[in-house]
């Protein structure tokens, strides 16, 4: 059926939402997936123990009642009572233990097992208490527990079948999984018995529309109700449409130019500084229609660990200075380099810009676009010289960014920079292991300054998240990580 | 013989307007065919024989071809001014036509029966069953064994001779007054050729029709024709009774032709031949078209086109006969 | 005839094996693997390793292939690396959509192409002929994503006449029909242009054949000469091009499927290869190749049905 | 038939005169074909633009000027406006002509090298025919997009790989066309005559048969050029084509599509350019077919 | 015409079966028996005319003798050597001694080459001449066939059919062959041109001591040019004799019918024709017994069972018929 038909219906008719997404979900189990399309669905079906407040960014209990930290290696978590999974089984400490152990089991091969990596033992002293013992202090435990991939699944549903394909009744969330036509759409329907009160929307369809121009057209005609992650070139159009409400919100993603520290001359700080000096970020940001924000730091303004003092760090656009630094570094007449990136629209657009900018200081950049899978492999194996990347932060915590990208233990995996610095490693570990939140934030602040000064990346811009919603659809709040919840949504 | 005139062609000119200029394929041809008469048209390849025949049928592809002038009277009716629909009623019913190559002249995708029945259904107000019977009858008439089976055959299932018989049957089912046969035996073997020529003769007598037969084989003409036209490069060079032409050829070209054919009875080592080949004729061509191959040419032949001259009962287009008159 | 079809189906086996080996080599050669994709850019080494083991990607390449092929011989196309779904099931859904799209657009293109081709040939050098040929050249020349987007902007957004996406896989329902209209036109436009030109040129060629003269000499109406005698003979090249295009429609539908958000096999293939989802790539490529061969078979059978001279051998 | 000069002083002069006269003959026939002339005109026009690109284009096509982004048609200083980086669209279109022609020609040339060889061998040697035709069947049954995707994944994106991908794509069809022609020419008596004279297979294949396949190859290649340019555009759409900042029409039309609402000329103009050049090649191909095929001489 | 007694070509029991693919997994089950046991000898300087209906295997015979088609069986002794047993290389060397002229003047010339090059290629392949000598030779050959050097640089499409046929003859002559197979060299030509070519063929035969196997279906022409004539029917020679003997005293009913079917371009000598019923059977399933049985006007019982052999009926007149 057409969205346009349904949108004309009066309020007595069932309320339906069509949400368009560029890609299809990979799966429906939080344990086995790690992509934003899946996560959008998973958030409607499952819930985590803790959640991040969309406004303040503070971590609040969701399925949990509260927690205690008797010592840095012990987390005692109290659970809310009287919550039932959609399949009727009770939500309790067993379910939490089951879920977490499943994630930790290597045979499960959960892509986000590392979130619980430091967990040593899980105990369930009673029905509504879970105790997590860690090997080393794990300061970001709460942030991790707020991560969608640590949503709690119903053990019964999980044992009964593959909840990755059919998640019926597997969560505690406000919507129940209904149908998945792979490649086409996923439907979830209202959970009348939701512990937080039944949602007003009767069903949500997650529709796959790979072509952005088409997706935008669908929102315009009312065939679809909402769309997030609108690229700048389509923004104006949607904003001008009287039937569509566009929300723009500073996000916590960052788009950057990265270097391979194992390749010369990128191990040279002066060279990196020169490059940062040579790139006119403001100019590029001006093309983004407001969909990017200048911040000099690696940890952006919306992340835990950000402090505005960072704006006095970084290196300003100054071609002469860049040339001078390059000469100092021993490259007075520049050098040749390749810039590798996955050939998505975003990077396809940035790459020529970087190329043009670096030309000015005689760095001759060859563009090396690759398909996404090849790029991942290439970058991981340390073949890239310079690369373009983006980091979208789910938990909103600076640690989630620093550890994978710059911790030496992750070389060969997510540390594309192949940055290996014991000093930095120590600092990164502190940002993970410190239990005292204030202290931890302080470490993050220090790390941000250090890494920014050392130009581990050139942060090109920090993202702005967008959402376009048909005006009659209300109650959806966008979060700075680009996510949103349908709990309070309703149609007028 | 009945001297009632069936077809009268007068000064027919059919030109082709091609990329390479105007080709006067038929350039002033006049003749008559009486009831029961057989007219043979001979000439070299490209001399305009087929175009003459197709002009009578009004089947000249346009573009590039066009009948530029002349008149074609069939049973005292002018064909050239007839509407397309009227012309269609004449084709196939009053005038039947068969083509040179029986291999390509039948539609390969329909059974021979269908193709004959189609001709019947267009011109005669009969139902399918009746038409089928008539078609079988026609096939039997042209000597095809077990026609009730053969009627369901496709052309490729028949030999060349049989296909030509089918063509004849198709041309004759509606008992036309005139049969135009465009090189009906050229593609066939001598023994089969003999069969087909006999068949045409038989049919002609049986149906009392006139025949216009086109060929480049003088033997065929000698065998079947009452009168003959010799064409050369779009022009009628000689026109007269067949017997006269063979015993006393008038035009140097005709003579040349007759001399160049080896006959069984002839002796001697060398054949006489006509040197050279057909000229490339354009509209502003001056003089006799045969002049540069002619053994009896004079200067006049190159500048002035000879008119058609009546010599005895025949017509000839050669300056040689002007003085004699 | 049954024997012939059987024989052709057997001939299909080496082609399919060849295709599957080609796919295998391809996967083997291209950098990146499914585990890395599933793990995502954040993944640690252990996470990647776990997934690699789970998918069996740690085994030597030829073993992976043989294991896969032995499954195929048992009728099991395997499970998607990425989603864990049964490949056969995943393909089935998409295949129906693509096939509906392909058939619908083939119909559109045949009807459009053949009629305009006939008229253009019959009225050669008339304004209609020129117009048809002009439009058809345009049709051949324009990239399909471009036509598709223009159609969306004009008919979907501006005029709000047709829905942009949402084909339900049921072409026989009114809803399915309406949703498939724009995609089918987009896809069919180019091939209708080709068919139109092919019809025109083969008709023009056939019109010069002797048997057409024979038909005319019988007094057959020009309309019937063309529609019956000439067209039937022209059908062979027309069917050939329809067949070729249909094969192309299946493989080339990716673009239209993306533009109109149709959940088809073309898109599936592209997705699968970007995810290095080996079983899914094998399955969908084999399916497309299979269809291609079947289309060829159908085309050959049609040849023989039309032309009595062609025998099954 | 034009009588040639009877008294000959120098044989070579005569050779040249005659060779050119054969080409002249084709040219003459081509000239009468209106669409072909239009096609030829379009292609020459584009080719000249491509050749003179550095001279005639008002700006450097790669020079970004982010202050002047997305100007519309008729903007001051930019007749056809600018793109999302403020690059002059006219200049990019002019340079795009180069790349589109290069992509077209090179990929068809690539396909020709292999296609012609395969076609010749399989047409001439009955024994090889079976194997080669099976390989071609496999290539044909293999979805072209996937092939391109794989090639690009292996070799990386970029214009050269687009050329290779599109080139491989055209091998099977070229091979088939050539094979068909060879099968036909093989039966001609002049090939038998060459055999009777004692020519070797190699000589027969490359000196007797190949030159006579040229006209069908030329005709087909012309049409294939059109397809190649279109395929390249399609690859661009899938993100596999020429990569930015390369000014290639397909890539331009494809990246421009994101601005279809905001600045439709960004996709419309390159789109029209593609249509124009493809139209040109197709018409020329049609015309060449008529001009080179003596059977159709007077039709 | 001077005919020596030296045998140039001896063909013994030549057979050529073309396999026809049929049935499951293309087993070769059926054969077109195009030539099915043909034997004859040709002396130096002699012309043997080969006549017969279309499809009876004349061309196949001609081409198989030159090994342009591989024979299925039989012996071809040419100039004292069995051609059949030569390997590819030896054969290529031998080729210049035996040439062929084709029926179709259009398909027999490479349209991409000039007349001079067509002839030149024949010289090059056999390394007969180089440089100036080569040019001279080409011009000489063009003269011999009556074209002249001014035609050197013309392409085949600029020639008429007769002129093309002359180029074909010049090409065959280029390597000084001993034997020329003329495969219906005049059938496609206009009557007025035919005589030119026949005269030319006779002239060069005299001049270069050539031996011809002259294939045609026009009996009058064959009679004119040949010394001996062989009549073929369905892959076999049914009658062979000196030309005058054959025309005056034909034995085989098929020969008789053939002769009676000749149309004379003289309305006066109309004669009674022998009518043959029916068609030639398909060479794919040749009937048992005499191949001519189904059309024969005076068949007897034995004809349907035993295949008659070619026997000398006296004076070198060979006939294959039971009823003589």
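Note that the chains take the letters A, B, C, D and E in the order they are written out, and that residue 1 is the start of every chain.
Everything that follows uses one rule, which is that contacts are C-beta pairs under 8 Å (C-beta built on N, C-alpha and C of every residue); 3 or more make two chains touch, one makes a residue touch a chain.
Since we're looking at a predicted model, the values are computed, not measured.
Chains that touch both subunit A and subunit C are the following: D.
Note on connectivity: the fewest chain-to-chain touch steps from subunit D to subunit E number 1. The chains that touch both subunit C and subunit E are B, D. Pairwise, the chains sharing the most contacting C-beta pairs are A-C.
For this pair, subunit B with subunit D, the centres built from the Cα atoms lie 49 Å apart. Chain centres here are Cα averages; for subunit C and subunit D they lie 24 Å apart. Spacing of subunit A relative to subunit D, judged by their CA centroids, is 46 angstrom.
The centroid of the Cα atoms in subunit B and the matching centroid in subunit E are 32 Å apart. Residue positions of subunit A touching 2 or more other chains, listed in rising order: 213, 371, 373-374. Shown for subunit C are the residues that touch two or more other chains, namely 30-32, 149, 153, 208, 258, 274. Shown for subunit E are the residues in touch with two or more other chains, namely 160. The touching residues of subunit C, counted against subunit A in their complex, run 30-33, 36-48, 50-51, 53-54, 82-85, 90, 93-94, 149, 152-153, 156-157, 160, 163-166, 175, 258-261, 263, 267-268, 271, 274-276.
By the touch criterion stated above, subunit C contacts subunit D in their complex at residues 14-15, 18-19, 22, 26, 29-32, 133, 137-138, 140-146, 149, 153, 204-205, 208, 247-248, 250-252, 254-255, 258, 266, 269-270, 273-274, 281, 285, 288-289, 292-293.
Taken together, the subunit A residues at the contact with subunit D in this complex read 212-213, 216, 231, 233-234, 236-237, 283-284, 286-287, 343-345, 348-349, 351-353, 355-356, 367-371, 373-374. Only residues 1, 4-6, 8, 11, 14-15, 17-18, 22, 188-190, 192-200, 203, 207-208, 211-212, 214, 294 of subunit D touch subunit E when the two sit together in their complex. Taken together, the subunit D residues at the contact with subunit C in this complex read 35, 134-135, 137-138, 140-146, 149-150, 153-154, 226, 230, 233-234, 237-238, 250, 253-254, 257, 260-261, 264, 267, 271, 274-276, 278-279, 282-283, 299.
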